[in-house]
Amino acid sequence: MSNRRLPRLLQTPAVILLLIWMLVPLSMTLYFSFIRYVLNSLSRPEWTSPSLSNWRGFGNYNFVLNNKDFLLAIQNSLVIVCSILFLTVIFGILIAVLINKAFPGRGIVRVLLISPFFVMPAVNAVLWINMILDPVLGLQGIAVESINDVIDGLRTAPVVGGFFNLWPQIEPISFRATQTSAIAVIIMVTWQWTPFAVLIFMTSLQSEDQQQKEAAILDGASTWSMFRFLTLPHLGRPIAIVVMIQAIFHLSLYAEIEIVSRGNGNKNLPYLIGEFANNNIGAASATGIFAVILANIVAIFLLRMVGKTLME
Amino acid sequence: MAIVAQSTRRGRISRATFAWIVGLLFFFPIFWMVLTSFKTDADAVKPEHLFFFTPTLENYLNMTENYDYWRFAQNSIITAVFATIFALAVGIPCAYAMAFNPARGTKDILMWMLSTKMLPAAAVLYPMTFLTKSLGLFDTKFLIIVVLMLINLPIVIWMLFTYFKEIPKEIIEAGQMDGVNTWGEVREILIPLAWGGIVSTALLCFIFCWNEAYWTVRLTTTDAATLSKLIEGNRAPEGLFFGRLSAVSTAAVGPIVVLGWFCQKQLVQGLTFGAVK
Amino acid sequence: MGSIVLEQVTKSFGETQVIPPLDLTIEDGEFAVFVGPSGCGKSTLLRLIAGLEDTTSGRVLIDGADMTEVSPSKRGLSMVFQTYALYPHMTVRKNIAFPMRMAGMSEAEQEKRIMAAAESLNLTDYLDRKPGQLSGGQRQRVAIGRAIVRDPSAFLFDEPLSNLDAALRVGMRIEITEMHARMKTTMIYVTHDQVEAMTMADKIVVLQAGVIEQVGSPLDLYHTPRNLFVAGFIGSPKMNFIEGPEADQRGATTVGIRPEHIDVVEGPGEGIWSGTVGVAEHLGSDTFFHIHETGLAETMTVRAVGNVALRHGDAIHLRPREAEMHRFDAEGLRMS
Amino acid sequence: DGHTELTIAIVNNGHMINMQTVAEAYTEETGVALNWVALEEGVLREQVTSDTATGGGQYDIINIGMQEAPIWGQAGWIEALEFGADYDVDDMLPAIRNGLSADGTLYAAPFYGESSMVMYRKDLTDAAGVTIADNDSWDNIRAAAEAIHDPDNGVYGVCLRGKPGWGDNMAFITTVVNSFGGAWFDADLKPTLDSDEWNAAINFYVDLLGTYGPPGSEGNSFNEILALYNEGKCGMWIDATIAASFLEVDGVAYAQSPNAGNPVGANWLWAWAMAIPAGSPNAEAAADFIEWATSKEYIQAVGNHPEFGWGSVPTGTRTSTYAIPEFQEAAAFADAELAAIESAAPEATDLKPYVGVQFAAIPEFPEVGSAVAQEMAAALSGAKSVEDALADAQAAAEAIMTEAGY
Amino acid sequence: MGSIVLEQVTKSFGETQVIPPLDLTIEDGEFAVFVGPSGCGKSTLLRLIAGLEDTTSGRVLIDGADMTEVSPSKRGLSMVFQTYALYPHMTVRKNIAFPMRMAGMSEAEQEKRIMAAAESLNLTDYLDRKPGQLSGGQRQRVAIGRAIVRDPSAFLFDEPLSNLDAALRVGMRIEITEMHARMKTTMIYVTHDQVEAMTMADKIVVLQAGVIEQVGSPLDLYHTPRNLFVAGFIGSPKMNFIEGPEADQRGATTVGIRPEHIDVVEGPGEGIWSGTVGVAEHLGSDTFFHIHETGLAETMTVRAVGNVALRHGDAIHLRPREAEMHRFDAEGLRMS
């Protein structure tokens, strides 16, 4: 296509808008990350307004690097993102394939399936952590209690009683503990974002070339082989996009972390930034720069993996 | 078209059953939330009232009485609709250009666009608050629309880009041979062919706008406050709150869920054309 | 090995019935060619046999067993699609290997067959390309390669050579004929090419609007077409049909004579037709004259061997070979 | 004039929500329109901070707590408050008033105040044959918890805050530490989390709650425990006095907070107060509203309001409230609450050389508090030993304080 | 109206140079046919002219103006794609109407042209279908229809008739020839069909691996092929090449003779070649004998007019027509 000017022109509005949107805050963040800047200080009031005279060099970075939660936050960011990506892509593909063929009530099932995606993150977190996962009042607690009651009842039953006597009481799991709070976040976000994956994969499956499938059938491919060799490659680009978009979203999870356990055990970089931002803007900004760097590393890594499928 | 892989009757039935089970499982938390919203706060935590209780509208009445639900809802609708429209208006031409006239830098531009989403919001809260206040834009719908549009633009472009990529290049070429100009190409070929993709992108963008809860909470006071701000105020009120919370949540997600239901056909009908030799 | 029998098979797309009830038997090891005008239902018939399309009614028997309800993958057939249907994300090599991989063939055997197929299809240089980087004809050859590497019970070819050049086409034609001779596998072959149909078929099936007009050996159809349609369809250029006095004279409603059965003679005379040369098509090996103003039919086509030096507007004199004349009754059926 | 509009940021709890309704009368009377923005505590704090720090203008009145009021007042973020004689400043409970002032100037007017106390199920203690006295010893509390602990029947000996947050688990834990003789900082504002007192206190807390608490305690704070308590799951609860007004279980008895011997700080002191951000264009109208909303009349208005009544009046701010007979009748906990508030000791002493009971009134405290809070939650759930948790907490606190220039 | 000139045009896909520097002039109003083996670059050349593919170097002039950098939609050309490239979301009618709509033609005029095109393409019954519901040949006809309703400065046809049956093909061939005669628009036509190439072209361009081997009128190419490649490529079945003594005798490295220029004679004799009949292909109008054991070349192909009754294994005697013999030197170039 010889005329390249128009395409360039069409790109410019988006590019310019995003450029402004990125440059202005980013440069301010960069600036703050190199100066002493706190919101409120009784001991050093001069730090409370951003000014070059408070120049600090890499001091904020140093402080952040030495923070006990910094590495943990990076690790959590990655673990949470990767687990969610893994689960949503797997579930997304399975479900999309499952409902790709017509069956009675498919429309309704589709609606049921994609509904979680419409739920606001805060609602999602509150709903899960309080009403479902709570070890006493949530459905988990209630379920565990009733199972224990049933087992208790069976212990006294004739014949099988002895068998049930061997069973221990089931302990409910607390999902707000240091050890489990990341799992709670993964569960709730997976629940919410699997529909996104389903949605994208579903749309993409619709465009799968029927003739290719026919050819494969005649080539003797089993259902599994067709899935493996045709559907999966066909889903390459949608998977790429699901992974990229979700990675970006989940690297900045905040509400879920806050609501589940206030960062206890599941603190990620944005949450760490939020904690600093309560007062120490300099440190928050430095952490922000770290977060940008981390996100870019993740993105470059992902792009390596999916970039080819994307542009083909 | 044809029946690819006729499955056995039993296979079909078990597939349907399984799909229904998965669907219901996924929907259950929402069902639970809606159900709870009709319980009193006290009933909400009583195991004996899990399913059997006297439904009450109390929570909803409380909500509309104590909070200006409709104002929040109206703001949500206005900001999400306009942000979506603008995002598409800017995103479609851009994605079109990148999908069909890829230059060497296209991949990098795409990547860079996405990277604009990576700046953690918390890190720029103060700059943003300061800037918008000094521009006099703080707590205006215009600001929220612009912000929502900007944070979703990269996603919109990415999604559209992938949908456009699926359109056989030859069809676009045929259009060029038939003498369409760029605008005609977009209107006559691209949009009809990628309609499903565009609708799902629009809907996704709308959902993201609707659910956005960082800037909409922090860059507004009252005039432009959306439903996410209502949620922020209600996610941990004092006392027993499952019922109240469920009602507010149901009211906040209700409109979008219903919208999603109406659009789901459009969403999946999407790109149902096969490549025609 | 497989005989293929269609019993009262019909096919409708929505309201439109594309195939009215149809019976057809293809013997084990036979080479059957389907011909017919574009849109007459050839591909549909192939797809019905393959099981890619459900029959609206009727039964499909393969090797005597009722396969109507059996899934395509279980029928053991191999097919070349009119639209190729290559796997766009796989290289040529992988495309060709796919059916063998599915059949669990050993790597070594796969490689051997791929190389053999690529050799005979002139694809050796392209094995590592993806279909998107191939020319039309190359793609078509990949589709053929994919079909022939297997050992199916029958081959279904849907216009497999339509995008190949003459030389390659002749080569492939001979290749396929030899393959058939060697493997004795049933083959069903759809083509628009008269030469292919005539030279490859054991049996030609002539279709029109989903109806079988005639089934027979190539020369049968050429020499004794059952009706006007078949007479007109088989042979290129098409048979000349003459009505009126000339036909009456021979006791028929219509008489037909092929362009190659009319000789160009020097001057007018008894039983000699005269006319004016319209378009003259010079093929080098032959010349086709389209002749007007014969008083017999609007245009008549005559083939002269070699390059005959008559031009547009020249008078021309023709002698039909009486023995090669075909006679048809009012219904258009052949009169013996 | 009639067109004044006030935007008020409030924390979303019962008393504040009720105020929206009660204030309809105020609007009617004065013509001042009121815009309410209800937010969750953390978000409210963040919003108000960012508004004030960027020059204000977003809100005319803000809800702030006792931790912020003196600091913000000193920083000049909020206006000093002066009220007319009718207001009767001296009626305000002295502890509360002091907590909201800096250098003798009042910066925020208390809307309601609270301290902490023990709320326990008398039926259960009676059945188990144990008693709980005012300012009981922690050992006794542990023994009582053990006696009434019966998880098989869904009753846990004690419910305490465990959810990380300087206003959540640390509020309670600090009172325990105080009673063991510990404090957040020494006189040089150097953190002292590595002290023996902290060690003893946290070991006790983890043991008590870990052994006799409900599962998932590390996620419980006021709201969660309130739900548990009302479900009959808790035998004993030590928390904000305000909780008493929400309890729906029969047979609740109250006792002053337990103590391990240290005279100050076994019960906390907190108030939600209203303040005016510096530079508010409607400062005058805002002051008028605050004056009304924290006045004696307001308490009467709520008590006499058909929708609310005397059980719902905001308490803990004025001595006079506790003298109202209707209130005394409606609130069984009134005396216990007043006693608790009056005995709270936020002032700096030798033992605790900073202002605040369960917090320190310095700007860096929220940061220190949340860092420590998470370590405590980790210790509670067993992810770390108490010793490790305290060592980590100390290190984090020191880093923050050094960073802040102390 | 448009003359088309390619000046030193090259095209590479990545590393592979598909078109080495190439010069070509097509006069205004000329009917040029591109032929060449599958994958030789015909479609690529067409796409370069259309502007769908950027030239790697060189210039494309249309009507004297440099169009190398002009976008396809501004070049005013009309094209039939080898892969059809129909708009899947539009009905046949809309597909055909599309270019006219884009050109802002009046509704009435559009309708008139659509009806005319549909008529001549036998598509009248299918106007309201979508491409997905058509047979292969029908789709191809829609693609033709879409191209011919416009008034472009030149037509580009990429194997437009490959999926049509013989009758329709002959019909379309004549249709297009007439259209050309009527409109005098430049046409570039890619085909694998010898008959089409020979009968339609004013000028045939023979390509091999992106290189033009010969440009000339059909009969030129038939009678005086410039080299072995062209000699072998033009004419079907292909010319027989003989090396060795027979060639030496005639002072050439290779001599070639077309199957139609060898007569079957009764018995052996001076200048008579003898061999054994291999495969005999009976077309009805002609018979092609593939002959082994001549001692001249591995196989020789001979065309006998009509149905000659020789079978596999029979001895056969042949007399080449000396005058039709082609002689080539060691480089494979024609010796005059």
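For reference, chains read A, B, C, D and E in written order, and residue numbers begin at 1 within each chain.
To be clear about the criterion, contacts are C-beta pairs under 8 Å (C-beta built on N, C-alpha and C of every residue); 3 or more make two chains touch, one makes a residue touch a chain.
Note that the structure is predicted; figures quoted are calculated from it, not measured.
Using the contact threshold fixed earlier, the set of chains in contact with both chain A and chain E is B, C.
Touch-path distance (fewest steps) from chain C to chain D is 2.
Seen from the Cα centre of chain E, the chain whose own Cα centre is farthest off is D. Ranked by C-beta contact pairs, the top pair of chains is A-B. Set against the Cα centre of chain C, the chain with the most distant centre is D.
Our note on geometry: chain B versus chain C, Cα centroid distance of 55 Å, whole angstroms.
If you average the Cα atoms of chain B and of chain D, the two centres end up 39 Å apart.
Mean C-alpha positions place chain A and chain D at a centre distance of 34 Å. Centre-to-centre separation between chain A and chain B, using Cα means, comes to 16 Å.
Shared interface positions of chain A, defined as residues touching 2 or more other chains, are 1, 130, 137, 145, 209, 211, 214, 217, 277. Annotation for chain D: residues touching 2 or more other chains are 46, 53, 227, 231.
Among the residues of chain E, those touching two or more other chains are numbered 51-52, 71-72, 83, 136. Remark: chain E residues 13, 35-39, 41-44, 82-83, 122, 133-138, 140-141, 158-159, 162-170, 174, 177, 192-195, 198-199, 218-219, 222-223, 232-238, 258-260, 279, 281-286, 288, 303, 305-307 touch chain C in the complex. On chain E, the positions that touch chain B within their shared complex are 50-52, 71-73, 76-79, 81, 83-90, 98-99, 102-103, 131-132, 136, 139, 146-147, 150. Against chain C, in their complex, chain A makes its touches with residues 209, 211-212, 214-222, 225, 229-230, 233-234, 236. Contact residues of chain B toward chain D in the complex are 42, 45-46, 65-67, 125-126, 129-130, 133, 138-139, 217-218, 221-222, 225, 229, 232-242. Looking at the complex, you find that chain D touches chain B at residues 7, 12-14, 17, 20-21, 35, 37-41, 43, 46-47, 50-51, 53-55, 57-59, 222-223, 226-227, 230-231, 246, 248.
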